[in-house]
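Shown next, in structure tokens, is the structure this report addresses.
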Amino acid sequence: MTLQIENLTVYYRTLRGDVRALEDTTFQVADHEIMGLAGESGCGKTTLGHSLIILKPPMKYIKGHVALDEQELPIHDMKRMNPFRFKEISLIPQYAMNAMNPTRKIGKMTAELLGSRGVNFDAIRTELMRRLDLVNLPDSVLDMYPIELSGGMKQRMVMVLSTLLNPSLLIADEITSALDVSTQKAVAEMLVEFRNREFVNSMIVVTHDMSILYQIADSIMIMYAGQLAEKASTDVIIHSPRHPYTKLLISSLPEVGVRYTETKLQGIPGKTPLLLDPPVGCRFRDRCPISFEKCMEVPPFMEVEQDHYVACWREF
Amino acid sequence: MKKQRNKNEFLYFALRNVKLLIGFSVILLFLITGLVGPLLAGNEPFAYVNPLGPQPPSAEYWFGTTFFGQDVFSQFAHGLQATFLVGILGGGIGTIIGILIGFVAGYRGGIVDEILNVFTNIVLVIPTLAVLLIIAAYFEVRSIFSESLFIGITAWPWAARAIRAQTFSLRTRDFVDLARMSGMKPLKIIFQEIAPNMMSYLVMTFILQFGGAILNAATLDFIGLGPTNAISLGLMMQHAVNWGALQLGHWWWFIPPGLAITAIVGALYTMNVGLDEVFNPKLRET
Amino acid sequence: MRSYFGRKFLIYGLTFFLAVTIDWMIPRFMPGDPITNMLANFSVSSTNSNAYAEMRAYYTQLFGLDLPLWQQYLNFWKSLFHGDLGISTSQFPTSVAAVLLRAVPYDIFLLVPGILLSWYAGNKFGAFAARSRWLDNTISPLGYILTATPYMWLGILLAWFFGIVLGIFPIAGAYSFNIVKPTLSFSFIRNLLWHWFLPFASLFLVGFGGQAIGMRNLIIYEIEADYSRYLEALGAPTRLIRKYAFRNAILPQITGLALSLGVVVAGALVTEVVFSYPGIGYQLLAAIQGQDYFLIQGCFLFIIIGVLLANFIIDITYIMIDPRTRRGMTGETA
Amino acid sequence: MANRMRVLLALVLLTVFAVGCSQATTTVVPATEKTTEKPVEAATEKPAEEPVEEVPSAPETFERSETLYVSGAAWGPPSTWNPFQPGNLANTTGTIGFVYEFLYSYDPLAGEFTPWLAENGEWTDDTTFEVTLREGLAWSDGEPLTAADVKYTFELGQQYSALWFSPVWNYLTGVDAVDDTHVTFTFDDPLYQEWDNYLYSLPIVPQHLWEGRSEEDITTGANENPVGSGAYLYQSHAEDRNIWTRNENWWGNDVFGTPAPKNIVDIRTSSNNVALGMVLKGELDLSNNFLPGVAALSNQYVQTYYPQAPYMLSANTAVLFLNTTKAPMDDAAFRRALAFAIDTPSIVNVAYAQLVKAASPTGLLPSMQQYDDQDVLAKLGYEFDTDKAKQMLAAAGYVDTDGDGLVEAPDGSKIELKVTCPSGWTDWMAAIDIIATSAQAAGINIKAETPDYGAWNTELQGGTFDMTLNNWAIMSNTPWNLYNLLFRHPIQDQMQSGNFGRYDNQEIFDLVDALAKVKATDDEGMKAACADIQELMLTEMPMIPLWYNGLWAQWSTSTWQNWPTEDSENQTLPTTWSGYWQMGGLMTLINLEPVPPAE
């Protein structure tokens, strides 16, 4: 097991109280697994991704444990978490286009970043060159400023940079949303390639885009309103989902490959519940076509088949 | 998350922002002094009330008397009124011109933007004070209103630039596109769709213009191009300097007006930073 | 890059043209007649009206005020390119150009170090203040207070305290009044610096406050920028993040410097008056007091040229420092 | 990059310092050359200066005990040393009086003429004035000063009408240099009173250096490095100073004595406030600035002519001109009532803190008071008396008909008047405030306004003002000087140099003209002529003399002593103002003594 998460609960502190963005989450990511994390915006997937690497205000750690390679991650402690960042767990942020200091040459910035983490740039330079080559970036990018790179180049550069120290876990946050379709595909393929070459051990790919997940993910986990709904292998999720929300979600896609960016689920009555004061029990209850009394209790995230987890009373 | 933000939330943070509160209190203190002070002083600002001439602060004359035996507190209170007036009018005019030019340039873009941009840059480069000197010298008799007007019409460029940039970024947002597609007139879009979304920005622009106008007026007053038949804090300083107040030991005449200007403008700037923190959630985090 | 410069030059050119035109209008559209006002300064108690009329006609002809306006305007441009700004009436018969050329070195001497040092120190201070909320709340107020202080008020307080109460600095002149002749000796230069210090200090302090506040605000924003968050996520130390934030905040601060030039120049004008420091401000005030429109005109022109030149230098510097423009990407600098 | 920026900054700073320093010095050193637009002229007069510059071991600073620091004369940077440019000469005080000298000097305190370049001068008949020059007069370049120079100087006025003294040729018919020391002036109906004025106000210039100059050079040239005959030589100047050094070879050293200060540094400050600071720092020996509140420092930091109020001698009369072309100022009764309504004591006590004296109703300075006719004053004089003013107004038909406390004109129209002075003239601004306030108290609606100087001057000369202050008649040898200003005629579109209120009365013009033609020796004749003028003036009250502006002077006795005071033996004017050196200013310097160093 690369990543083990138990009862992780993270809230957002706001004026009117805590937004319960991530509630009692328990799941695992296996070695070499690329896990897709999907759901509507505001479902807590980004919160989950971020809380694993940088949990700072207004995010608030409530409870739970995270272990990476059998080692407890002190995610609630910004300082103690630092030695793990980059080296054990790394991030390709949503804002990869702007992630590099605009006034520093990329090479210099990399050297300074590595230096600050106690890594000798020269020692790693050959490896860096090889990886740049792998993502089709010329060596000369190191001598360029970020603005001289196209969007796709920047994206790839950040991928290389984030994985340079061979982290055990990589969190890729909406990395494709800003790219055009063909570039998306290339980037997605590179993620797989990175995993295959063991630059990273396992990955959580947070995205809106089911088609990307279909293409690269070994497994997909669906979230709804701060709770886990279903996790299974990609094929299973796409072809035979068991959670009513997943079913609606999949069926609402006209065909695999169409993005559902920002679009709300059509045809499902009701709205996503406010996480400030979420309903008790299953949070999908109000919109669920098959809900019943039992749903007033929170359904556990249970393994209903081998590697297939569902949180729905109807399935147990 | 962002959509849940509303006025109450601003108020909540505003009431807890020390910078904003301190700045606001200082402004309020001086504003009240300016409004109530003339009534309390009991003396006309120019009346020669103290036959002893310059006297230090006392129970009768709170800020002492000038070289001529005029009540410094009365002048101070009346001067505060003038200073606030210049700030509001001068800052207001500067902001309004800046807003108009900034909105139009930012919203229309293209050739209109180019022309307004060149115009703004020109006015920006010409040193304000030099122009003010000349405009001021044209007028034989100057009032606080004309002074405010001059200051306003020379101070707008940076505001226009900043507002242009903001408008530019808002112009492409969905809700503006929607309004445009629904056939709304450009002016209506600007004032109904864009302006409300920049309210915090406009308020901050006004505050900075306010402070700048006060400082500009003080400079003009000091070099003798202020209002000709009036009292303001800058004119008080000028009089105090002309009559050797510091050298002759009449510090109570020279110190208060300068200190008040510093305090008011400093408070405005502090408020501005405070407001920034209130309006911009990123800056709130500790 | 070329179009960028083309634009800039267009703006500079237009500004110059407009400024010169306004400048030309100064004596011609002022209330009162410049020659009348000039002659009013001549104590003519025993002159009869005939002589006065003759003197009047003479000076009118001398200043070319008897020509049609359009011709006066053309002549103005023509003489401008010959470096001829006319003759000062209050310092008759000295030419305006000569008066200004003597004054300008003092301005450079005062303004350039004043601007650059306050910019440098202000930026350092602002960055320091932005390090933590605690520092921000304790030392930033110093910046707000300084930048809100009227130049002349601060100047007069400095002159009074250091000049008169402590008596350690002179309060008037560019060098001591007991100097026989200015020379390039060490003692003379020391004397110059001694007289320069207080006017410089008042310019420096106010500018320092403004720059510190500007830097503080920018850093606070930069620290929240995406690249800072990325570095943080990768575990980079605060030191590196702050270093980058400072570097990036410097660029808008350079632009800000150009924007603040007008204010600094205004400050220098009043500071020179306060300290009787013989730069353009001192001459400008004397010109206003002496109703010397030609000298006012010249001062205005010099100030404009100075500010334009400074803007240009700042533009160039910006391009050199900002990799984005340096690498040929066009973009608004300011 | 941080390092690169730091280096860049350092470099820029260094260059700036270097440029700043070298610029500042190099431009100041040859300042005279820079302003020179006619190098030829500079060359002609240069030799006298050369040795000073060449001495390699010259001291860098002036010896404190040999140097007099003064201020208050210059109102702008020095620009001309041409003795024929009265206006701008104020900024190079000493050009006339130090460098260029006069036939006579005049002592206004004693009312006496002293022969200066002249040894003697007399009217041999009604139209002939003969001057005998002193023996051994010399220009500072060594050439002798002769009758030919005097003739040349006077004849410049005949040749160039742009010179201020050319009107003398209205009645002067010829100047004849009989020999090296004798000059004869012949006249046609001379204005004796004015002629006396020329004797001590027309500077004599060296023919041998001026002969070849163009009209432009003579009338408007800057005349750098002036060569004259006087007690001091031009040393150098900068924007804020004029420096003069003693002429050790001055012909007058044996006649009048040697002036005590070896160097005189005349400092121009940008404001009186700076001058006050320098006085407090002990950096000025004599300040002729108007320093309000100096009474508080008197006898402690500084000394003044009188140890108590008014502290200062009187220098000129501040007169309130009334525009007699406008109602109700066209009514003599109104004008006289106004004279009683103005609170002059408050102007003296509040606006000036007792630094000035109230003026005699005749307007004549205290030094001229022998010409005040006491009978006229007893009958027609005025003083501040609000009740009397109200009575006079009522008697003349000015009553408050609408009950607002302010009187209306006899025809029932409202009266709204403005009293003005230039903006920034702080003492006058305070004074017109008091004028307006006290007039209001008497029921006359007057408001104080302070337009800019240019606008004020246009109103003054164009005659569009209501009432305004003016003080352009300076100390002189004759009461005619003041009355010539007050009743300047004929009335023209632009009144540049007097009678700004356009008071048009041929009777008084004739009286003033008659005074001009009374011989200076005929004291009784002058008194009679003055009495006639004063009677008509006080009856008609076309303008109201209010107070005497002071001959502002405050000095320190730390380095120099024996200054003239009320009780001192020497009664001379303690002033450095241009035009006053020949009125006793130079004698003040001659009488000065260095303070012996403390043992």
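We just call them A, B, C and D in the order they show up, numbering each chain from 1.
Just so we're on the same page, a contact is a pair of C-beta atoms (placed from the backbone, for glycine too) under 8 Å apart; a residue touches a chain by one contact, two chains touch by 3 or more.
Bear in mind that the values here come from a model prediction, so they are computed numbers and not experimental data.
Novice: Take subunit D away without moving anything else; what clusters of touching chains remain?
Specialist: one piece
Novice: Report the chain whose mean Cα position is at the greatest distance from that of subunit D.
Specialist: A
Novice: Going by C-alpha centres, which chain is most central here?
Specialist: Nearest to the common C-alpha centre lies chain C.
Novice: If you count the C-beta pairs in contact for each pair of chains, which pair comes out on top?
Specialist: Counting C-beta pairs in contact for each chain pair, the top pair is C-D.
Novice: Counting in whole Å, what is the centre-to-centre distance of subunit A and subunit D, each centre being its mean C-alpha position?
Specialist: Once rounded, the distance between the two centres reads 90 Å.
Novice: With chain centres taken as the means of their Cα atoms, state the distance from subunit A to subunit C in Å.
Specialist: From the centre of subunit A to the centre of subunit C is 55 Å.
Novice: Counting in whole Å, what is the centre-to-centre distance of subunit C and subunit D, each centre being its mean C-alpha position?
Specialist: Here the centre of subunit D sits 36 Å away from the centre of subunit C.
Novice: Mind checking the centre-to-centre distance between subunit B and subunit C? Centres are C-alpha means, answer in whole Å.
Specialist: For subunit B versus subunit C, the centre distance works out to 22 Å.
Novice: Which parts of subunit C, given as residue numbers and ranges, touch two or more other chains?
Specialist: Within subunit C, the residues that touch at least two other chains are 30-31, 156, 160, 164, 247, 273, 285.
Novice: Going by the touch rule set out above, which residues of subunit D reach two or more other chains?
Specialist: Counting only residues that touch two or more other chains, subunit D contributes 1, 271, 273, 277, 280, 424, 452, 454-455.
Novice: Out of subunit B, which residues touch more than one other chain, so two or more?
Specialist: Within subunit B, residues 137, 140, 224, 241, 247, 286 contact more than one other chain.
Novice: So in the complex, the part of subunit C that touches subunit D is made up of which residues?
Specialist: 30-33, 36-52, 54-55, 58, 62, 88, 90-95, 98-99, 101-106, 108-109, 112-113, 116-117, 120, 156, 159-160, 163-164, 167, 171-174, 176-185, 187-189, 192, 243, 247, 250, 272-276, 278, 282-283, 285-286, 289-291, 321
Novice: What residues of subunit D sit close enough to touch subunit C in their complex?
Specialist: Within the complex, subunit D touches subunit C at residues 1-2, 5, 9, 12-13, 16-17, 19-29, 31, 34-35, 37, 53, 58-62, 64, 67, 69, 75-80, 82, 85-88, 91, 161-167, 170, 194, 197-198, 201, 219-222, 235-236, 238-241, 243, 265, 267-271, 273-274, 277-278, 280-281, 283, 424, 452-455, 457-458, 461, 472-474, 481, 484-485, 492, 494, 496-498, 579.
Novice: Can you list the residues on subunit A that touch subunit C in the complex?
Specialist: Going by the criterion above, the answer is residues 53-54, 82-87, 90-91, 93, 95, 98-105, 112-113, 116-117, 145, 147-148, 158, 162.
Novice: Which residues, counting only subunit C, touch subunit B once they are in their complex?
Specialist: Residues in contact with subunit B: 10-12, 14-15, 18-19, 22, 26, 29-31, 133, 137, 140-141, 144-145, 147-154, 156-157, 160, 164, 213, 217, 220-221, 224, 259, 261-263, 265-266, 269-270, 273, 284-285, 288, 296, 299-300, 303-304, 307-308, 311, 334.
Novice: In their shared complex, at which residues does subunit B touch subunit C?
Specialist: 18, 118, 121-122, 124-131, 133-134, 137-138, 140, 158, 161, 211, 215-216, 218-219, 222-225, 234, 237, 241, 246-247, 254, 257-258, 261-266, 268-270, 273, 276, 282-283, 286
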